[in-house]
């Protein structure tokens, strides 16, 4: 191979390592935003997300996405129990784990660990890989339509977000989340510092996610992707904070989710928009996420970390924003070929697929095993009942 | 472009990503060293440091530093609302955020959030960029004098440290920091583990800061910069611990600040000194930081995390140490052209500029808005009064 | 130098930075798994591990490993107080610190800080460097025999693990670890979230450790090493969890140690085995670590974090697994030259050397200074008695 190829591979490996580090980012956001009596359970789910994800993606997930023979642009077939093709596997497996991990936070504090373990192979090994085949395999039906999703606002984040939506619908709200009038109650998280560290780690890892999706370091302007990513996250964080001040004081949860919203929003278009476009995408992401979180909460959707809004709804916005801000073909800037049709088809098909398949699989698991712990177990906390331990053995806690 | 350029750009992007990760490092040091009733406030300040910093540096900070037309070597003009030149923006914006974040820790636990928000655009967008124009733009008056500051002991750390000094003078000491006789009291931090994690994260990110400042990976010995950085930090950590034992037991706060002192100390000369020089610079940094922290505390300067000593005073030492240990022109080693004059001019001008402008801006903000919260708010904690929440919703805390 | 060399050096520097970040990983595992009254002490030991390690490795450790003149393949001589050769020093010093840090966790909660400080220069500066001379210097007697240890299951992890074994034997079990019948008692850790974050950080840094050990980015398939590393860690995590369920509920401590076991297990063979081999190595590592931890605990060895099992015993398995799964010469796959003899010699000599020299040095320190704190100090906690502080000044703790 030529030196150029080795330089490209070096960057993909480094970027994959950065994306892998998003796993503890999710873990910290989820434990920080929830109560300490369920922290060990969240730790266990996050370790299994990556571990079960890596094994199932090796066994069959990669093969369904990139296995050589495409079955009508819908899925691939081949390369099961993969040997070789390491560079593609390594970068993709960390993405697969990300999609799975998004679900974990939304359904936290009331989901049975064994049932969750059954769901993981489906999302890492089937649901997510098939969407990647549609978009990133070079053989998929969505990419044929002209659909653009550079780093995965749709492929990764909408998949995770809509699977999470199915999850919270089936498992139902946590005890105490709504009062007898159905009014949502605040359930304080165990550590906003852990949550903030998690968001900063995700932001850090996101440079691997977005910039790494160039899948190359040569003949590409990596820095421009890092800059659009930075500007959108920054703008999302700022607007979410100011929007949160409309109904009160500058809110830390909204600010943190605003940064994530800006990151999800720019993920589809990070290589296709200019800096001004990135700032605007982020600004709008920060507004969307606050209203979406408040709206879903009022509708009875109890999302413990805001994952559906951050990843699902802002994922939609990210995919659609490419149609508006894409420099070469966008509406506002140069008026080339309209991306509105392919992006809308992508939004509809990915959300329907992720939601529908997750709903089906989770319903089957619910019927067979029960997806939710008992009332007593939920009140006692999952750490004690599911894992026989406590997370903070040394501290006096309230819950 | 040639492959060499892409390899260089790849390294600069990776280094910039590492420097960005210093943000949670600062956040953890600041929350760990202070009380839990103010942790959310610190989280919010750190998120806004990077977010507001990124937007203002894009809007006008970069233009004042590197905008093309130099106004007498004092500032540049142009490239506002930057498009293009991504590689320079990305590496510089993470530096700008670092300079801003240093202030946040020093004035923690009593500064009004809204007032702090007003200060950020000045330091990220004006005060810091102008100093970079003096030294790193290739057009600045200080670099013309022969001033050397490879990675920013002066440009970044002195700027942050002297802005912090102005801040703590204006905002005054925390309630309870001094008894009625003016004797300083110890205010225990909420988590030394978080503080230590923060320092390790800063140390990790510092490799991006120092080694990345080569702005190249080709025709440069990156590893030698990593080694001088490592040795100085290690030496600073060790001597600070032993110096702390003169008046008691091995002190964790001093040891952690000793590592940071060694890092700040080597930042100016990391590419200009040999390994022995690096060890000596670190040794002396570790001594300086302990005496400086104790001295300032006795003088009535209440610096919640030791930021003025670590970044300001050790920044001076770092800049000056180049005149002593520089291999090509230093006094002790080969006796080339003396750097004493340019380094002293740099120390005086950067400290005066950062202190003076920050003092002026903060005084204006203080008159207009008030920089300090009320006594009741300070006692109740900024998290409750400024953000309507608590950081550790699940834990029983003392404050 | 040619561009290829700069690309290689760039990767080694990045990999070294990743390995350095394992230091806070160890710190978090150790503080998370132990009681909060000893957290500052652990922080201090970890900072000194890296700081004292960096200085002693610069002063004489590197010279004993790679100093030019080999004394009979046993140790080298030269390059003391190193100048130049930065790329080799930087990558090796972070490995040396890792070997030292392993010991810190095992003997936590009862070891005198001053005594520990005396031990560090020996392991970083003598015990570890001499083993690296045997295996990685190109002049050593073990590599002459055909011994293979790509990234250090033996050279780093067995050295740390067997030094830790000597440490826990000499220092004895913690008060309260065994009841009057000698039955082991559970001592709950202060934060499983910190422990889990530590393991994820170690996993992240391990990519630098294993993939970086290629010492090159060109003419090598870096991604394949990242993949074997990922698969083994994932498999280890899963099997350790399931094995822990034989006698109870899915255990978080075992799951976390299972991931580390899989990482240690694959370290020797990560570049020599295929993906299926990596999965099998990890599966077996996860089984070994659970039984080893339980066995050692029942035998009266009180290892506060499971370091002897994770690093020592799984290190043996990692070294031996190369003889089974090596693609070019392994038994199961292609039946080339048997590696059984060199690997067994390596296991015996490294474990004997690390255990024997550590035992001797620690015994001498024990006689001279006393290795263990007093009963009163141990009960009060090392933070108060050794460092005059508490780790969590703001929280109400139980111990």
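For reference, chains read A, B and C in written order, and residue numbers begin at 1 within each chain.
Throughout what follows, contacts are C-beta pairs under 8 Å (C-beta built on N, C-alpha and C of every residue); 3 or more make two chains touch, one makes a residue touch a chain.
Values in this document were obtained by computation on a predicted structure and should not be read as measured data.
Undergrad: Answer with same or different: of all residue numbers used at the interface between chain A and chain C, are over half used by both copies?
TA: different
Undergrad: Tell me the angle, as a multiple of 5 degrees, of the rotation that maps chain B onto chain C over the C-alpha atoms.
TA: That rotation is 120 degrees, given to the nearest 5.
Undergrad: What is the distance in Å between the mean C-alpha positions of chain A and chain C?
TA: Result: the chain centres lie 33 Å from each other.
Undergrad: Specify, in ascending order, the residues of chain B that touch 2 or more different other chains.
TA: In chain B, 3, 7, 10, 14, 392, 395-396 touch at least two other chains.
Undergrad: Flag every residue of chain B that touches chain C in the complex, lowest number first.
TA: Residues in contact with chain C: 3-4, 7, 10-11, 14, 18, 35-37, 188-193, 196-197, 199-201, 203-204, 207-208, 211, 217-219, 221-224, 226-227, 230-231, 233-235, 237-238, 241, 248-253, 255-256, 259, 274-276, 279, 392, 395-399.
Undergrad: If you look only at chain C, which of its residues touch chain B in the complex?
TA: Within the complex, chain C touches chain B at residues 3, 6-7, 9-10, 12-14, 16-17, 20-21, 23-24, 27-28, 31, 39-40, 43-44, 46-48, 50-55, 58, 81-83, 86-87, 89-90, 93, 113, 194, 386-396.
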